[in-house]
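Provided herewith is a single structure, encoded as structure tokens, for subsequent inquiry.
We just call them A, B, C and D in the order they show up, numbering each chain from 1.
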Amino acid sequence: MALSLHINGVQLERGGRSLFPPLTVSTGAGTLLYVRGANGAGKTTLLRALAGLASPSAGEVAWRQDGNPTTAAAATTFVGHANAMNDALSVIENLSYATSLAGQIYRPVLVGAALEQLGVFNLALRRVGTLSQGQRKRASLARLLLREQPGARAWLLDEPFVALDVDTQKMLEQLIAQELKAGAIVVLTSHQDFAIDSAKTTEVLL
Amino acid sequence: MSLRLASTAVARREFQLFARRKSDWANPLMFFVIVCSLFPFAVGSESERLRLIGVGVIFVGALLATLLTLPRLFDEDARDGSLDLLLSSNEPLAMLILARVAALSFGIGAPLILAAPLFSFLYALPADVALMLALGVAIAVPTLLLVGAIAAALLVSARGGAILTAVLVLPLTIPTLIFGAGAALKVLFGESPVAELSLQAAYLLFALALSPLAASAALKISTD
Amino acid sequence: MARTEQQSNDRFQGRWFWRYASPAAFYPVAGRIEKLSWALAAILAIVGLYIGFFRAPTDAQQGEVYRVIYIHVPAAWMAMIIYLAMAFWAATGLVLGTRLSFMMSHALAPTGAIMAVIALWTGALWGRPTWGTYWVWDARLTSTLILFFLYVGYIALAAAFDDKKKGDRASALIALVGAVNVPIIYFSVNWWNTLHQGSSVRPGSSSMASIMLTAMLIMTFAFWAYCVAAAMHRLRTQIIEREAETKWVKELVK
Amino acid sequence: MIWESWSAFWDMGGRGFFVWGSYGALLIAIVAELMALRSARKKALESVVELKRLP
């Protein structure tokens, strides 16, 4: 049950220009990969490439499960700037959609526990359109906790602390630390300072 | 197994949205109703004249109403980020798009199919023509949505979406328009519509086979 | 199956055809093709028009107005052929990821659209004395009109993207979708045409004297050469635009 | 020479408008395209010059 990520000479383009020189990084289970860089350096694009949502112009991104190649779709959960929730549907409906697409069986108990952990259990049946930005963000983070078992998926977090209050940020930091202990890989971009207790942190400066 | 799970989820979400936001299916219907009601003012109300243009008006009206719903396919999802869920699914994207188009055809198509015969009577068309029209619209709506899904997918990240969608999609709907309206006209003139109807259905099958693949390629291009 | 240009490069490096997949290598070749094509177009057009107007006799049925076919039919053919060529290069671009292929598609499209317009315009002017009206919904004219719409869609789509690479791939895909649908549209328009009316007289359909046919064929080659020349010119302009930051383009301009 | 005179040639058996209207349109289209080609080339070259002037 060990996940590993191999970024091999990856280059990404935006508008026909390369964003950064070829990037080569390999990480294994329990690593926090902290992607840093100025605005427009290509952090989000890199995360999207890791999630399989963008294709590199050169090089390749490889995910391995116990040494065997696996797809980004099976190995990762990506939480980006947008919340991936439809305003007209309830939190539960949105999460059930997300889990089904991620190829998991939707278990209400699991969803309940995830929402509970993020402190938004009482919002489960509310339409997303009626929630505040912070509440939406928390609800969308619940997607991370719907994996098969702790540590089973890599988390790709693009600016996860935006719109979160201090307490929620602390809680998220703890969740990330726990997930890392369970053997996950967490890739993270952030403009805010954070304190995550991790055995191994790799910094990537774009 | 998990493909079935995922495509059911896609279709179910579409129906949930239809139930939550009635305007999603009511607006195209209203558009269709109003377009169909405008023509007699322009061409006159003699039954003979109406009967001749009726089939065409109703068919084109239904196609345009369906065209209006194309941005709903991917635009909203692209804005709120849920398109990424679809794209990062392990299941074949083409099948998920197909599930979505199927649900959308049902949600948009059913009201139009019910409205088409009603308007046939306003255009002094006999009942058998009205039925044939409903059948023709029932085939044309999914055809347009399938072909339109390609354009909608391409235009997710481009400027000038709505008009460009029409420019790209409408020429490709000509076969279904010719055969669908042709079948109803054949019935109107007391001939057998079988040839037209089968050709229209053949074009639907053709679109069914190729469009989801093209649309998934398109979606990957525009979100890359 | 689809590759990036980099991957194709790894695979095909050193092959003769791959050498010219690079814009820098093809630029001078395109220049030579362009020059040759301009010359050919001019010579063929002079010869074709001379035969068409001064050697070919008056048509027994249509009188002198038939002489429009020397440009009407070649333009209609070119509109069709250019669309297929465009789709071919679009497919090549999508499979191999080569920038030059997409540029080739873009370079062809405007000329194709112009050919469609000429075919429509001359068809209308031919139709007036022959059918008594500028426009009839004749199957071939209608198909050419739809072809023109497909060109417009392609050009508009390519222009709708700020990211050139996306625009390339998106428009290539729509060119392919169009190319797959063109035969179906032609068939259905034909079907519809015979259902509603049968106009038996078409430009060039009556039995033509062989000298008329010769003139028409020569004019077709003239059109062909013109289209190649125009496309090559546009291709070179695009190469300059897109490779503006490379050293060789900068050296090109003093 | 199959034409009796130049005026017969221009008249095209009474169909001059249609024949020359077609050829005239072709000429206009070609001239317009050539002009568009030239101005596009000029613009492209100018932007390269512009680019060179930048440090």
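Keep in mind that, in the parts below, contacts are C-beta pairs under 8 Å (C-beta built on N, C-alpha and C of every residue); 3 or more make two chains touch, one makes a residue touch a chain.
Since the model is a prediction, treat every value here as computed from it, not as a measurement.
With chains reduced to the mean position of their C-alpha atoms, the one farthest from chain C is A. Comparing each chain's Cα centroid with the centroid of every protein Cα atom identifies chain B as the most central.
Of the two chain pairs examined here, A-B and A-C, it is A-B that is joined by more C-beta pairs in contact.
With centres defined as mean CA coordinates, chain B is found 37 Å away from chain A.
Between chain A and chain C, the centres computed from C-alpha atoms are 48 Å apart.
Our note on geometry: chain B versus chain C, Cα centroid distance of 32 Å, whole angstroms. Separation between the centroids of chain C and chain D, computed from CA atoms only, is 17 Å.
In chain D, no residue reaches two or more other chains under the touch definition.
Taken residue by residue, chain B touches two or more other chains at 224, whereas all remaining positions touch fewer.
Counting partner chains per residue, chain A shows two or more touched chains at residues 55. Of all possible chain pairs, the ones that touch are A-B, A-C, B-C, C-D. Per the touch definition, chain A reaches chain C in the complex via residues 13-16, 55, 57-58. Against chain D, in their complex, chain C makes its touches with residues 53-58, 63-65, 67-68, 71-72, 75, 110-111, 114, 117-118, 121-122, 125-126, 128-129, 226, 230, 233-234, 236-238, 240-241, 244-245, 249-250, 252-253. On the chain C side of its complex with chain B, the touching residues are 146, 149-150, 152-153, 156-157, 160-163, 166, 169-170, 173-174, 176-178, 180-181, 184-185, 187-189, 191-192, 195.
Per the touch definition, chain A reaches chain B in the complex via residues 51-55, 71-74, 76, 78, 80-89, 93-94, 96-98, 100-103, 105, 127. On the chain B side of its complex with chain C, the touching residues are 147, 150-151, 154-155, 157-160, 164, 167-168, 170-172, 174-175, 178-179, 182, 199, 203, 206, 210, 214, 217-218, 221-222, 224.
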